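Each of the next two complexes has subunit A plus one more chain, namely subunit B in the first and subunit C in the second.
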Partner chain A sequence: MVKPLPRNALLASFDFEIASEPIELRYWNSTTPEQEQYGPEHFTFFSKAIAPIIQQSNARELHLRFTQGWWDSDTWGALPKNGLKSGGTGVEVLAVIEAYDVKEAQRNWFRLSKALSGFFCASLNFIEPAITTYPQYKANDITSLHYIQKPGNKLYILRAALPSEPICTENLTPFLKLLPTRGKAGISSLLDGHKVFDSLWHSMAVDVTSVCDDTQDNNKCHLRMEQSVTAIVDVLRSLRKHKEGGIPRPVKGDELRCDPSKTHNPWQCFPLDDPVDLKWNLGTIFGRNIKGQAFSGNIRSSILGLKVDSNHWKTQLVKHKKSGSERHDIVGNSIAFYLDDDIEYDVSFETANGGINVAPIEKPPILLSRALTGYSQDHGGLRTEITNPSNSSMDFVYFETLPWFMRLYLSSMVVSFENETSSYTIAGIDGSTHIKDIYYKPAVDRKRPAQIELSISLPPKLTLLFSYEFDKSILLLDEYPPDANHGFAIDPAVITIIDDNKRGIYEVRSTSLVLSLPTPDFSMPYNVIIFTCTVMSLAFGSLYQLLVKKVVTEEEFEAASVDSGIKGLVSRVKSKLGKRKRDTVTEEPQKK
Partner chain B sequence: MALAEAVLRKVHKLGLVPKIVRLLPLMAAAMVIASIGSLMYLGVDGQYRNVYISENALMPSQVMSYFRESEWNIVRGYREEVSKLEDEDLLVRCAVVEGWFKKLGYVTSYYDDTLYAILHAPRGDDTEAMVLTVPWTISKSDDDEFNEGAIAIAVSMARYFKRMSIWSKNIIFTFPKDAQALRDWVEAYHTTLKDTAGSIDAAIVIEYGKNGDNFEYIEVDYEGLNGQLPNLDLINTLTNIAYNEGIHTSIQGTSGEELVKNTYGTRIRTLFYGLANLVLTGLKRKSGGCEAFSGWQIQAITIRAKGTKGPADVTQFGRLIDSTFRSVNNLLEKFHQSFFFYLMLSPKNFVSIGTYLPSAVLMALVFALSSLNRLIRDPKTVENISNNISNAIILYTCVVAYSFMVGELLPKAVLSDLVSAEVVPIYGMIFFLLVQIAMPSKLRTFQAPYAEFLHAIFLFHISMLIIALLIVHFALALFIALIALPLAFLSPVADNNTFKGYLLIFLANPFTVVFTIDKYIVPDGGIAYGLLTSYTKLQCWTWPLLIWGYFPAWLGIAFTHCLTGTTDPKK
Partner chain C sequence: MGTIEPRAERRTRYSLAIYVVAVLAVLGLPLWLFTTSIIRAELPIKDIERLNEQLNDEITFKIPIYMDLPNSQRVFVDACQNLLTKELEQRYPGITNIWRLDLHRILDRNVSVVDDYVLRIKNDDEDAQLELYYISPYSKEITLTVTKNAISTNNVAHFVVETLLDKVFKLELEAFYQIHRFGKKNPIHENHVVLLYSPHYNLVFSLFTQDGTPISWGIESLIKTLYPLLQKLQHFANFTISTQIQYYSEPSNPMRYDNSSDAFVIKESELSTFINHGDWNLFGHDINPTVNFLVYFPKSNYDNKKTLIERSTTNSFLINQWGGVYVFNKDMPIIKNVPAKITEDELLPIMEIFSSQLFELLGVPHEPISPSIRIDSLTRLATYENLRQLIDNLQSLIKVSEALADILIPDETQFHAVETITNIKEALQILQQNITSCKQFEGITVLSAQAVTASNKAFFDKEMVQQAYFPSEHKLAVFLPLLGPVGSIVTFGLIATLKLMKRDRDDEKRKRAEEKAKKSE
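Up next, the complex of A and B:
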């Protein structure tokens, strides 16, 4: 789906749905050998690479998010697909795991994350108990499964986020490998790492769910995978790169677009806004054309959707046939059509004032921002602001997880409400009628993070502000990252708007935060050791000399040394030998 | 115990101890000379070091800045529009500039009257930021010159930055009306502000008045509040970039020929101006602006274009900012390499803390030795300690309590316009002098041993204050040592009720010093007002340190002096 946004941005989202053949979902017991648990299985289009990983960790659902960038909700509006397919900065994993107890669920979870780590080239292997949470608010979102677990087993929801993980092309390649087309045909052929990641914001999602048929055998299920890539592309920059290369050289003098109503001569130019009369096509933005349909012969395998304001945009579908290219006008504001031929497709866009006139932008239903406050090395604060800009009351769950080295004081929590005219503050959350419920699981050092879930019902046009304070812990030596680092990334907070059935219908995340902990200068201990040793040896040497040394004359020394050490020994031996010699000498004459 | 014992025996034999005791005042004087001498010696070749970039990631001047060619037309285009705003009301100005930023796609917001705009780095994680501050008026001009060039450059830069996709840190533009507004904004950013962009790593304040298309050289301010300095790497980065652009850098007000000269004279001048400016930061009415970022772990400098004749042109000023931001953008960590405690001798030479610290240590020793001298000069002083100690503690407590009261009340009185800040030092000078002279002889009852003992206590107090302060705020420690110097050479008995005694005490009176600086050294600097209000307004600790730290010692000595009996009880 392609949708031009204000300021010459372009929202491009690629969605793929793949389902496996019905397979029998069995509880994988790690003690039984593999061959006994699985017979030959056929997944058809479903990736053979990922299915065993999911099966062997007893994951019934798996959700992966790779996101980078800051979502400009003022300009771009609500998140695409209600935010349900976009994560926070970095990587996010959520899995529903079947197990007989928490310990077993954890074991499977770490197994899963380690396998995925290799698969997606992401540091998912750094998922450990200290960052794993068990979100409560998600409990209502997994009932759609129809899966009946083995007697005695339960489903556990586990979640972890790695906000400092950079997302790049190496994550896209395994993503494309999951597709049956391998990114070679259909809309996936547009996905080129260099183009997708040169965007203003992008998000990749992989959702695997088990969909079971509840009328028949409960364990005959489809593994269903939804993959999506969403990116906001800066059209002007893409075009400039295409034309001039990556370096933002100054515009040539005669190409300057100056405001004619202001002074304007060869030496002076008040610049106009970005050009609005643009002509471009998908091929220039993504570097290639769409290579036909996903599966040759299957005319319903690829759909292309467009959302434009057709009063101001002229869109054409370009078919590159062997006989030459054909251009077909696309009529309508929001249309989707099948790519039903085995030829290369392209879409051209032309607008006279498209910077302003685009298909309607959906207003974000809720706004969330969070910032660190304070500056000191030993403590700080967190300040969160949630605004309901809509005209109706909004029920949502605020989910936040904080690492154990942020020692949180919930007692310091101050909640206040603000609307356009007034504001009032209450101390603590108990006094508020808008905060319905609170779930708080305090952190345990090095074992688990703090987890906060607030059920909030926010009246229209109201802003909820809350802040609390925390102390910063000092880490053990080997817990500091080995390399240069900005600080410790704190997971983005998540807001999930829920409907009457408590199901999530819209998700939005705050940006991640960077917390700087008191970090020792690691070269310092080394310096200190060297300095102290030097000083000690110098001081000890001279002091010891001062204390024990005695000044004596040479004669005294020689006299003293006669009876000590080697000299003493030698002289003793000598004297003995001498004695004998003397004896023999004295004896000899007697013989005469 | 052979040699040590021999030495001790020799010391006894020669009677060195009483000789040394007699020589204590002389030794104190020698230390004063040594202290000043060691500072002066810093300018000699071999004592200072050449600056260098310590953090490899910075890589200054390694990339070509493209803020050139047709960007020049754009700066000029914006400048004409900016110049039309000069006579407008602040809010009108802000609205126009906000409009430009909005059109460029920036998120704009206000805190009080301070407009700020945020460029969220494309694909960035939105956790760190760099700040470009453009005050509406130039700080170091007499007539509040309109910061026309800098605003035009800032808007053009905003346009230029937006085109690049390389930013890993957000960029914030702020337009404060003065230093106070900027300080408030910085504080709000870290406490209550709604639109934020992560923790700020570095900030640059730019001033480019009506210099036109060309300027001669740049001037860099870097002093922060409370003796804080930006990481030396940031200054080095800038000077390095300026050097590669062929622009001279001036620090501590060097100008003209001195820009290219690097002699002992220029180095010492820069050193002492630097020390003076460190003491006065936060107190002056017109400030560079970069000190507003102090205390929040933000490295900040002010860059000011000087002269109108060239050879540098306006886009070069932009390139300095661009390249510096590119360097900071490279950083993977907060600034932590290089030095935070240093004194500059020229843009290319500096001395680090280890080299200059001894001079303040020597100064602290002056007071410690003088204190010792007062205590052991006359054996009676030590003999009577047990009798005097409780009275001394009471007096000490009273003096400290009184100083705290004065320190609290005076700023309040000034801030609520009850007293004019300019007259406070005059009152302070005259009031205490009159009280001393007019002290009735009936009250002059302190015996010599008691007076000597009190003197020793207060001198020791000064010594401790200097020791405590010298690492954190070297310049202020040295400054307090210098103003307290007359007290070290004052004898409570010998100088009692003499002109010399009153003169020394008068000279060491903090109010006299403030008056002198306010009236004669930095006229029109608003120093007295700044001193009295900067703690409340800027969290600048100069006033508390002076009035809670040094003033009790001065007051104690002044009153011991005037309460000591004029007649020797022996006679």
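Up next, the complex of A and C:
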């Protein structure tokens, strides 16, 4: 789906749905994996590579998000697909795992994350107990009855986020390999890591769910995979790169766009905003054309959707046939059509004032921002602001995980509200009528993070502000990352708007935060050891000499030193000099 | 001279100096060494050496062979046995220490031809000129047809021995001989086709098509034809089967059209680069090795053109330690707009090619004809090799631990090493027993397979590899400010004290001598 946005941005979202052949959901016992024999498994469109990873960790659902950038909700509106397919900055993993207890679930979880880390070339292997949470609010989203295969087992929802993970082309390659076309045909042929990730914001999602037929009693299920890549492309930048290459160059004098209402001459120019009259096509933005339908002979395998304001945009579908290119006008504001031939496709866009006039933009149902407060090395605070801009009351869950090295004081929580005219404060959390429920799991050092889930009902046109304070703790030496002075990334907070059945219908995430902790000088341990050693040997030396050496008076010492070695020589010289002096001294009184 | 120090006081000073040295040496030094030492679990070195001896000298693969003879010809068994032993020793000196054939007469009728070697001798009633042997392709039954001429000249025993050594066990014997006598690799493994042994393999049957036209294949029902074969290999290894279809798979080199044969031709020199590893999704993400069987469906099928592999009768080829590839050509033209299908009839011969490729990849000897006997040979060879490999592994573990003084040996390594040894010991015990059925060898294979897993765990422990290069100079450098001054103070103090003590003793002696001299005066 392609949709131009204001300020020459382009929303491009690629969605893929793949279902596996019927597959037997089974409970994989990790301690005795060899003893059970299973029938053969068949894969046609679903990737054979990822299925064993999911099966062997007893994961019934797996949700992966790779996101980078900041979503500008003022300009771009609500998140695409209600935010359910976009993550927070970095990587996010959520899995539903069948296990008989928490320990077993964790074991499977870590095995899953290690396998995925290899698969997606991401540092998911850094997922450890200290960042793993068990979100409660997600429990309502699981409805399938077939997830539990072994009676007595339970389902566990585990989640972890790595906010400092950079997302780049090496994550896209395995993503493409999961597709049955492997990016060779259909809309996936547009996905080129260099172009897609050279964007203002991009998010990559992989969701695997087990879909079982509830009417039948046998446990034949399908694994269903939904993959999506969503990106906000800066059209001007893409065009410039296409024309001039990767290195930005100064604009030539005759190409400068100056404000005609102000002075402009060869020496003076007040530059105008970005141009709004543009002509481009998908091929130049993504670097290649769409290579036909995904599977020839299957005319419904690829759909291309467009959302434009047809009053201001002229769009054309270009078919690159062997006999030559054909252009077909596309009429309508929101249209979707099948790509049903084995030829190359392209879409051209032309507008006179496309900077402002685009297809209607959906307003975001909720706004969230979160910031760190305070400046000292030993404590700080968090301030969160949630606004309900709509005209109706909104029920949602605010979910936040904080690492254990942020020692949170929930008692310091201050809640206040702000509407368009005034603001009022409620001290403490109990006084609040809008925070319905609070779930708080305090952190345990190095074992688990703090987890906060607030169930909030926010009246229309109201802003909720709350803040709490925390202490920063000093880590053990080997817990600091290599670039410790850079700071620690804190997971984005998540807001999930829920419907009457408590199911999530819209998700939005705050930005991640960078927390700077007191960082020691890393040569310190060596210095301490060496310094302590020196002091100890100093003390020991003097004590030892005291004990072992003979104690003598000064006279004795002088007497003993007369006839020994260099000291004897020195004393002899001294005594000679002394004698002469004494002689002169003794002579003087004689003169008197 | 000043005031004279009392003798007791001087003694205290001397003893103090010595006490300090003693405390440092007895308490301080061990404490320092202990707190800064690397954890090294003790490995069962003696056990491993003992096992090595045992494996070389004390174990024998005794293969029972049952002869179907009437009671009256009891003596014939012994005659055959004698001749057999003699012949074996002559052809392969020293082999009888590890490998033997034990001939028995069938006493009860319970001996199954599926599990055990049964030798039947048939007297030919007609006057045939030649002796014949027949090895059943379904079991381990060997039938010999003997002419009257042979019986009269007492050549039957010779014939029995020759059949056994030349026709049934030839390859196995040769392999055993090479390994045992010269410590060489199994000659079957010499061309590097055979996969590394693992107790668990994944079999992946893939259909790769060159373009994106949907296709189906009847693999689901055909997989079942493999089951009897895998059942026979059950004790050797477990197999997990999966199948997949992948589209848009271009080979690394484009196929060239050859006008003379009116077909696309894949050159022999291009076979090694046929698989496009970078693009095709072949990586398994599994610890267990994967055996790949790949049916390649070229685009040319839609144009009713053939794609041939140069100089291949089966249109297939084998990739060392990886799997087999078959290039599929549809015999009938494909009707347009109807999804193509590879039918079960078309797949059956391909599965046969794949199963023989699987045998080659697992290292099954290619003779004699009966798969049962070949798998049996593989079982024994693999067991023997595994046991040798295990001892090698353990010995190199000891070597590593001895050569690298700074290497960490965690308790897990020790635990797995002991586990390995227990498994080997059990296997050896079975071998030393009286073996009455070849089924018993299968138990040993399972044990050795478990031991392989354990020994790998022992050798490749994460912590051990991680800490391998922690420098010991580092430790010394950090503690030098403590050790240097304290050490030097104490040493020089000790030397000075010893000197003084010696001088005192000399003084005393002199005094005593003087006193004596005075007294005698």
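In the analysis below, the second predicted complex is superposed on the first by the 509 of 592 C-alpha atoms of A that agree within 3 Å, B and C clash if a C-alpha of one lies under 4 Å from a C-alpha of the other, contacts with A are read in each partner's own complex, and residues count from 1 in each chain.
Basically, a residue touches a chain if its C-beta (ideal position, glycine included) is under 8 Å from a C-beta of that chain, and two chains touch if they have at least 3 such contacts.
Just so you know, these numbers come straight off a predicted model, no measurement behind them.
> Please work out whether A:Val251 is in contact with subunit B alone, subunit C alone, both, or neither, and reply first, second, both or neither.
first
> I'd like to know which partner A:Phe337 touches here: subunit B for first, subunit C for second, both or neither.
Touch status of A:Phe337: no partner.
> Going by the contact rule set out at the top, does A:Val548 touch subunit B (first), subunit C (second), both, or neither?
A:Val548: touches subunit B and subunit C.
> In the superposed arrangement, does A:Ala294 touch subunit B (first), subunit C (second), both or neither?
The answer is second: A:Ala294 touches subunit C but not subunit B.
> What is the contact status of A:Ile53 with respect to subunit B (first) and subunit C (second): first, second, both, or neither?
A:Ile53 sits against subunit C, while subunit B stays out of touch.
> Scan A:Leu538 for contacts with subunit B and subunit C and give back first, second, both or neither.
second
> Could you look at A:Leu372 and tell me whether it touches subunit B, subunit C, both or neither (first, second, both, neither)?
So A:Leu372 only meets subunit B here.
> Which holds for A:Tyr439: it touches subunit B only (first), subunit C only (second), both, or neither?
neither
> Between subunit B and subunit C, whom does A:Ala115 touch in the aligned arrangement: first, second, both, or neither?
Touch status of A:Ala115: second partner only.
> Per the definitions at the top, what is the overlap between the subunit A residues touching subunit B and those touching subunit C?
In subunit A, residues 545, 547-550 are touched by subunit B and also by subunit C.
> Residues of subunit C touching subunit A in their complex?
1-3, 5, 10, 13, 16-17, 20, 199-200, 204, 206, 211-214, 216, 219-220, 223, 238, 240-248, 279, 281, 283-286, 337, 339, 478-482, 484-486, 489-490, 493, 497
> Can you list the residues on subunit A that touch subunit B in the complex?
7, 68-70, 72, 74-75, 89-90, 163-164, 197-202, 234, 237, 240, 247-253, 256, 258-259, 262-264, 266-271, 273, 369, 371-375, 383, 385, 483-487, 489, 511-514, 516, 521, 545-551
> Quick check on the complex: what are the subunit B residues that touch subunit A?
Against subunit A, the touching part of subunit B is residues 1-4, 57, 66-74, 76-78, 80-81, 103, 105, 107, 120-128, 159-160, 163-165, 190-196, 198-199, 295-297, 332-334, 336.
> Hey, which residues of subunit A end up touching subunit C in the complex?
34, 37-45, 47-50, 52-53, 115, 118-119, 177, 180-182, 184-185, 293-298, 526, 529-530, 532-534, 536-538, 540-541, 544-545, 547-550, 552-553, 555-556, 559-560
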